[in-house]
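Below, chain A partners chain B and then partners chain C, in two separate complexes.
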Partner chain A sequence: MIVAEVKPMDEIQDTLKKYSKVLITGCGSCVTVCLSGGAQQVEVLASSLRTARKQEGTPLEVGEETQVRQCDPMFIEQIRDKAAGYEAILSMGCGAGVQTMAETLGNIPVYPALDTVFFGGADGKGGFVELCAACGQCILSRTGGICPVARCAKSLTDGPCGGAQDGNCEVDKDTRCAWQLIYARMMRLGQLHLLKEITPPKAARVHPARLKREE
Partner chain B sequence: MNSNAMPPCQAKCPIHMDVQGYVAAVARGDVQEADRIIRRTNPFPSVCGRICTRECESVCRRGKSVDEPVAIRALKRYAADYAGPGAGAEKADHIYPEKIAIVGAGPAGLTAAHDLALMGYSATVFESEDEPGGMLTRGIPRYRLPLDLVRSEVDRIRSLGVEIKTGYMLGRDISLQDLQKDFDAVFLGMGSEKSTCPECSGMELSGVWTAVEFLKDVSRGKKFNPGNKVIVIGGGHTAIDAARTCLRLGAGDVTIAYRRTIDEMPAGMDEVEDAREEGIRFEFLTAPEAFEGSGKVEKMRCVRMELDKSCGGKGKLTCVEDSAFEMEADTIILATGYVPRTEAVQELCTEGGDRLEIKDAAGATRTPGVFAGGDFVSGPTTVVQAIASGRKAADAVHSYLRGLDQSREAQEKVLRDLDDDVARLVPKAGREKPVCLDPGSRVHSFDEVEHVFSPEQARAEAARCLHCSLGAFVSRDCAVCLNCVLVCPYNVPRPGEEKAYIDMSQCQACGICAGQCPASAIDLGVEPKKELREKIRRVLDEAEKKSPGNFSFGYVCDFSKSRPGDLQGENVYTITRPGLGRIDVYELLAPFEAGAGEVLVAGCGEEACKFKDCSLWTRRNVQRASRVLESIGLEPGRVRIVE
Partner chain C sequence: MGFREAVESGKFLITAEVGPGKGTDMEELLEDAQAVKDRIHAINVTDLQSSVMRLGSLAVSHILADRGIEPIYQLTCRDRNRLALQSDLLSAWVLGIQNVLALTGDNPVLGDHPDSKPVFDCDSVSLLKMIHTLNSGHDMAGNELKGVPDFFPGAVVNPGADAGAGLEMQLIKLEKKIEAGARFIQTQGVFELDSFEKFMKRVEGFNIPVMGGIIMLKSAGMAKFMNKNVAGISVPESQIKAMTDTDDKVKTSVEIASHLVKGMKEMCQGVHIMAIGWEKKIPMVLDEAGL
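Let's turn to the complex of A and B:
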């Protein structure tokens, strides 16, 4: 899933300073799961913005709405009429959600309330961790299900850099060296021989990637 | 949407009282509301608050799995005693022309009259004695049920327009035919007061009494001297009542003789315990053979019994050979069973028998329009059974008169027991005990033995309720983030097929998951979110109006010792709610929008909290709200916990 975090309040306030009526839109998918942009976060952000602007003497009227998924125009259409009554939209969706909303609504400015930070999963302790870089050419079959592109600080695909100490990354001591993890996992799986094969270089990515529906 | 399974206390109660409702009202200190909830289904709260056999407590899930059952009966009494006269019931908004005759002003008949009056019928009750109340006024001793309380409950029923005519006995002063002629329907609830006596010689001796006659005479104020040695024969509530009454009349040596063992006694264990405390002795497996004396009873000859439990049921009794022995007695009281007097309604009885023929659970007799219920049909039971029977009869009469289909009582699904893994995580809290007169002094008077809870005791006891079936449920907005699984202190939520699944039978209703759900997809049966938000809005509107820009807002837990008035400061506006775990960050911030200077949160601290980890999560939410305040340039300490 996509993991995002709420932007610093100053930045959000600065973005909205010229408006007096905005609609905050949450997304019921990934950003709800990572506790950043669901219905509850929408309420909290809306309330704090109203309080802050009331304190400043420039009251802000804030509407609240949460879609099932902001990254699909069909869900955005559901709020088209409501959105028309506002000067701007503050989206609590990921980058994809903000763009889909901006594209679909067209003539209303849509601003992000979140910074989209990575693709990842739950760490089992209530937090989230980056696990995938969406490189488009998955090599997990050769690396014991551990992605060196996303989890190695240098995204090396053919073995460790040699800088790890006690199994930890030289760039960030709180991060386990991805290649050390891969080696241990492959040993457990009895697949160490696969590591001797050289991973062919990946083709350069051309953005934006597209996925067409089969006809 | 709540769970459709009933809490066991409510399911087990013959009149399905909303136990949780009134217990929760007591917890938050709202005695009037508790009394209102109780009176919705029970016209005799003061009575049931004292002498109900509390089947509810026997199935309380707290008692079954955690520690001891919630003292439901004592809480009902507390609400009834403290609520005072209250506003009284609202009268019917529709009046029907039909008149209903009710024979017997015991709990069954009076409940039927009460319910019919509330439905809009004119009800007239005929009572053979000179005072209404049935066994409540004539059979239950004053030290268990003060007379003025029964009178005041009866007066409430009268105030609904019910006419009670005393001194009218069916078969003597009025006949069933007359009633059928003058009324549109008849309910017979004459009780079950005819004693059945063992086949013993010496029944004619003076000093040999039946318990009902004895208790009736005592309650009428007749002076009695039972002498020093009293034997009461029987094992039910009436036997215990008669024995304890004798002590209060001056007897020094009172023995209850019962032919089976303590395990088979119909009387409750607490009654047996009370009797023992007062010095009453028990002779089990003892049956009378003869009462002997010259003119006046002097002794009882009896035998030992043997009980073979292997054959099932209550077991098979046989006399032990050569076990005859004698017990001296100045008075012998027989409390061995009672049957209804059916002489006046022979046409309703089975062919050649003396039992009423009853056609359905609502008490229809073989004559259309004539219904019967209470002990008159069932034989001696409990006051709450009689109330239930009166209620069913009232519904049946209404259906009969209006040509409606008899509503059949739906079989309720009952919430299952707590799992051991959950039960062991529920913080223990001992049951409050009402103050009782000490056994040494109470036997010298008819003063009420058990006292009412103090308000502090009542709130503490009410806080022990586990809110069965009012826990958390998940809406379709669930994003399946499984945050609820992570935060629940009792490990109840699980990943479900389409959304998170919370087993209502295990949920403790602490609300922590609801406060932490990022999709706002979890709500509680205990004060749902909509109600909570409306309450917050109402209080904030009032604060904005009365103290604009100059007020504090407080959240106070219903179960904490703190009360709204304890929050220090000027213009503090508060709301209370059952548990603070579900107060989310938005709810902590919203008062600032309305101009609150501070938001105060009053719980009871980690140690005293009835919910595991509730103070931890409350503290985390307060810290989060503080950080939000800081991010918009307000002092973070403006939202804080006060203990």
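Let's turn to the complex of A and C:
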């Protein structure tokens, strides 16, 4: 899923300071799962903003909405009429959601409430961890299902640097060295021989990428 | 005798290392290099070591070469994509540089510009392949070169990597580096001969000269700092105690380093002495080790 986190409250308040009527929109997809931008977070943020602005003496009227998915114009169309009654929209979708909303609604400013940080999964401890870098050239078949592009601090594809200490990355002592994990997994799978093959450097991505579907 | 010739003739190899500083002042670096040049086969020039922004290794390698001090140009993949790496290599060749040490490079987040974007378009293995390709008269895209370099490439390994998966992966990667064209190996700093001997046994069949890395200790504090912060380095308590108890730090440091050099003479094909500003003491180390 796409993982995002709520921006610092000061930054959000600064973005909204010139408005008096704002619609906060949540997204029912990835950011709901990672507890950053679902209906519940919309409610909490709306309440915090109302309280803060009331204390400042510049009350803010805040509407709340949550779409099934913000990255699809079809779902955004459903709030077109409601959105027209507000000065601005504060989206709690990921970067793709914010942009789709801004593009679809056109004449109303749409601001991000979240920082989109990575593609990942649950870490089993209530948090989330980056697992995929969307590089477009998947090598997981040769690395035991552990991605060194996303999980090695240097995205090395030919083996580790010499920097791991006690099994942990030199950049972050709480992160296991991806290449040590790969070695252990490949040993269990009886596939260590695959690690001896030299991996050619990947082709750089050209943005924006597209996925076309035939009719 | 040049470095390549020394490697190919099977001589016991001796290299040192200088790190360009932050700024344009090269006086001390040139003095240090001058002080050791008659005792070594070549001198490494580091490439923004520890991801700290400094004067570049290409310019300094060229200046040393001009003064008759043979450089080993350290080149990392941290700051250059494949266009820049290939171009810098061609530039190095026309500037009189023949030896290249191919490195991945430290992560910028550990240096003094932590927000800098890391490149890592290639890694040490693909950089070695790239050097081989250029030596063969083509660039990575297969285009023919007009004027072809003949680099002598080397690589590094960390013998002190985490036992188990860490060390096994180091060895797998070392084999890839050799397959990709590395002709000599320099190691991370070694402080214990017993564990180094075990490492050398593991690489016996690799058929490549290995130069044991020796970092000169300047103080007990430095040793403790490295033990805590530098992967693969473990200075034994006995050496830390010797550096603490001594009245003459230089003398003790030289004794520790020369003991390692003597031991390595029997174990590997050379030494790479990292004196970190104490290059002028290297001749004393070599004298004591009988080299």
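The working rule: the second predicted complex is superposed on the first by the 215 of 215 C-alpha atoms of A that agree within 3 Å, B and C clash if a C-alpha of one lies under 4 Å from a C-alpha of the other, contacts with A are read in each partner's own complex, and residues count from 1 in each chain.
In this section, a residue touches a chain if its C-beta (ideal position, glycine included) is under 8 Å from a C-beta of that chain, and two chains touch if they have at least 3 such contacts.
Just so it is clear, the structure is predicted and the values come from calculations on it, not from any experiment.
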Side-by-side fit of chain B and chain C on chain A, or clash: fit
First (chain B), second (chain C), both or neither touched by A:195: second
First, second, both or neither for A:44, with chain B first and chain C second: first
C-alpha centroid angle, chain C to chain B via chain A, nearest 10°: 130
First (chain B), second (chain C), both or neither touched by A:32: first
Touched partner set for A:126, first chain B, second chain C, both or neither: first
Which of chain B and chain C A:58 touches, first, second, both or neither: neither
Touching partner for A:9 - first (chain B), second (chain C), both, neither: first
Which of chain B and chain C A:137 touches, first, second, both or neither: neither
Smallest distance from any CA atom of chain C to any CA atom of chain B, in Å, after fitting: 26
Interfacial residue positions of chain A with respect to chain B in the complex: 8-10, 13, 28-29, 32-35, 38-41, 43-44, 47-52, 54-55, 66, 122, 126
Residue numbers on chain C that touch chain A, as the complex places them: 81-82, 104, 106-107, 109-110, 118, 120-126, 129, 156-158, 161-162, 164-166, 168-170, 172-173, 175-176, 179-180, 188, 231-232
Complex interface listing, chain A residues touching chain C: 153-167, 170-171, 177, 179-184, 192, 195-196, 198-201, 204
Chain B residues within the chain A interface of the complex: 477, 479-483, 486, 517-521, 584-586, 589-590, 592-593, 595, 628-629, 631-634
